[in-house]
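For reference, the structure is listed below as structure tokens.
Chain naming follows the written order as A, B, C and D, and within any one chain the residues start at number 1.
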């Protein structure tokens, strides 16, 4: 029996539930020599804003045990730059494209969303309300229920594309944020973004990152993410996309059992560009071995 | 030049700023064959409640990359049991003893605190409002500003001992919690407790811990803790005790530069029981090498 | 209890599934008693925060051996240890088996899996010789039987597939043997192995009114009694209390143990 | 760009501080050009999520060598690699040096530290021979000078303590040599080394109106242009833009680079 890996996420058909996470896979071409993009469930591109954005100074990245802290600061070519430069390439592939968007105000988010409405080849929008590395917007929205509602509903009004708000992990009650998104019209919810964190060079007594603080990602945050996915799944009905520390099928399967309908591989792309492909293969092998005909049967299947 | 490692924390004189964290060092005798207790800055004992408490079912612990998730559930012999069984032993040592306390209600916290008032050999109380592993009290208090104020001020009224509330990491604005503690009469603040987390056995699809969820500790959480200490230090004047993922002097020094007056070693005691001793030695060596005469000169010395 | 760093003296296969790791640990060796364990730091496993517990299998002068099976991350990277490599060890830990046998009693060892390891150490120290019952799934799971024989012990083997000894569980030859002794069987049982086997033995010991000293395997944190990860419910002086397997155990008299339904630890 | 797992062919010391690691990587080797780098997975470092970037030092048929110094966690565990061990490599990455020299120009290589590695590969591929200026703190920091000589290059050494070659910075013999040529010096500069050295060279190139191709060392995440960790400000067509050192670089024409004050990367 060959298990069926296909899913329909927020109305978007995907070959399998394994995506690559925003900011860790560029805009598609960067890894295309190594990874057959057509095999992926979806590509979530690096966060796009209305205008081009320069991001933070360097160093932007530091490795820590079991992860890395990044403070890229959402550098991107802006909506127009992205559509011109990258959409033609992405359209030549048979893969769902999810555009991660952000803004400094709710209006900016809505405006970016509006611009993508009707752009051929764009399948859904992931709304980044959780970036720990920018002053306006980002994590400040994602840790405030009213701001979360404001942004998500503003975006909802401006686009017919499926929208997937991306939650911040540094909240006490993730369920409340998931519900706020669901109520504001989210078609799915993704979680988690990287965790606010910091590293200091003890010899110079300076922060290692030019931005002082950044976001922790990688295996270190996986057990935290599993708990948050589990809590969010109890709070809402919309499908969840789980992100955080996936390095193999095992972590992805944990996420799905905890409540995720799909997963995204982030930092592990840097360690091993073929991780997403291996997760797909491992997931298939697991479903076979456990006689699970359909990948969706795994979702929310935790036995208590 | 031999640097001066002594500190006065919340009025308690200590030989150095390196403690062992609650729940990871028992009540003192457990590691006494290996670690010379008189060399430690302080011993923070396992959480004590009014009555003996059985804690959670097993498995209570699972190792994950860079850390472990525990759900001990605050098993302890109760105030009387603790004072009878362990205080005589602890009093034979020349080391500050900090008793970690918890309750299911603010009144219980206050009552436990009252019982310790005047008990010889008890130097301070750490108020655990952040345990992720019990239903009543614990993390539910530590993620709610009003509950935090309620517990801390209730304890304040019932004891003359220095009190050190211990903060939960899973909040969006740690500064607000630190301020709430300071305003409610805390003499110092410790942070962080372990981070709510979860692990699932994908073969059985069951949670690995009997308690379903637990708290993540160890190196994985260090960069998160550094950021939280840095934020808390900006918010309050009272001294901070930093906890989370210390395995060597490096992580302890990072914490102090970020704003901590003292640190506590937790999970690393399991890996290497001599960690605290090595941290003290490494800290002294670092101060020598950098010509820093007094360990307090390191505190809040981040260069921006 | 001590922390000691010792070099690998030898590291050999034992059967197809097990390995014997011998370390030079003069201090720990001189204090070790059968049934105690060591807590080993797997230094190649950089992201591991926990040590790994192993029963003491042999002590030979300064040298201490453990017998282990590769079952996961830690044991798999232990397999790469070579003579001369340094290993940090915490031990000896736990209480150990009683090494005296009440007069008129006859020592009976019951082992499954790595359980032969602490029982072999015990067999070398017991003043009287007796019989070992050892069980496993297949022939390759049966270890050390020749060594027990060399010590002068009788060995009775059961495998589930019948590839060695009797076919079935180890309790079957055990029961048969007890029956063959008639009513005056006075065994003193020492056991180590899977929980199912231990539980079955406890039932028999309770019924027969025999002492059975069983060694429990529990996931551990500190190994020294500090973390309360390894709790077991026991009855002491009529009261149910929680004890630490690493400190008050791993060896318990079977009748004190409260077996819990649905205890997640297999 | 390919992912390739290759076995260690040899792993030798080069002087007292450096090592040469040679891997069998037929695919990457056949596509590599000087100035490109490989991104190496340090598999013994289980808790590491990032690969480590190293310039390609030599390509010899199927074999590719890097020349590296033990400076931290990753390089220190690379030191334990033995012939036969497998290493996963991503490469060749980046743009590389131009391997043609404009007519009438004279190739001048300037190196510090591991910077000799990509420049040696370049020297083996350049159609004309020239001069190498190499600097370091002490004699032991000066590498490969004999190999450059063996290729027919002139080598000019400077050490800060004067233990080999001229005493002082490498820019001093460089300046002296340029002056000695008078006004018609037409060097084409290729440089790799510490930022301070590169900056000093860029100033000279700007003043002299020479081309200087410099290879930047920047902390990297992905190595393939996806993460935007390795950004450099450059001027292109009069406009300041951000480029990725791993993709548009690591080699840049010196006059395009915007050197930032207080850029935290040393």
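What we mean here is this: contacts are C-beta pairs under 8 Å (C-beta built on N, C-alpha and C of every residue); 3 or more make two chains touch, one makes a residue touch a chain.
Everything numeric in this text was worked out from a predicted model, so none of it was measured.
Novice: With contacts counted as C-beta pairs, which pair of chains has the highest total?
Specialist: The chain pair sharing the largest number of C-beta contacts is A-B.
Novice: From the C-alpha centres, identify the chain that is farthest from subunit B.
Specialist: D
Novice: Can you give the whole-Å distance between the Cα centres of subunit C and subunit D?
Specialist: About 58 Å, centre to centre.
Novice: Express in whole angstrom the distance between the two chain centres, defined as the mean CA positions of subunit A and subunit B.
Specialist: 34
Novice: What is the distance, in whole Å, between the centres of subunit A and subunit D, each centre taken as the mean of its C-alpha atoms?
Specialist: 36
Novice: Using CA atom averages as chain centres, what separation in Å is found between subunit B and subunit D?
Specialist: Averaging C-alpha atoms per chain gives centres 48 Å apart.
Novice: At least two other chains touched by the same residue of subunit C: list those residues.
Specialist: Within subunit C, residues 46-47 contact more than one other chain.
Novice: Find every residue in subunit B that makes contact with two or more other chains and list them.
Specialist: Only 65-67, 206, 219 qualify.
Novice: Of all residues in subunit D, which touch subunit A in the complex?
Specialist: On the subunit D side, the touching residues are 1-3, 41, 47-51, 88, 90, 218-231, 242, 247, 260, 263-265.
Novice: Which of the residues in subunit B come into contact with subunit A in the complex?
Specialist: 64-67, 69, 143-144, 168, 170-173, 195-200, 202, 204-207, 212-213, 216, 219-224, 226-227, 230, 250, 253-254, 257-258, 286, 301-304
Novice: Where on subunit A does subunit D make contact in their complex?
Specialist: Going by the criterion above, the answer is residues 23-26, 30-31, 33-34, 46, 54-55, 57-63, 65-68, 70, 72, 75, 206, 210, 218-219, 267-274.
Novice: Can you name the residues of subunit C that touch subunit D in the complex?
Specialist: That would be residues 44-47 of subunit C.
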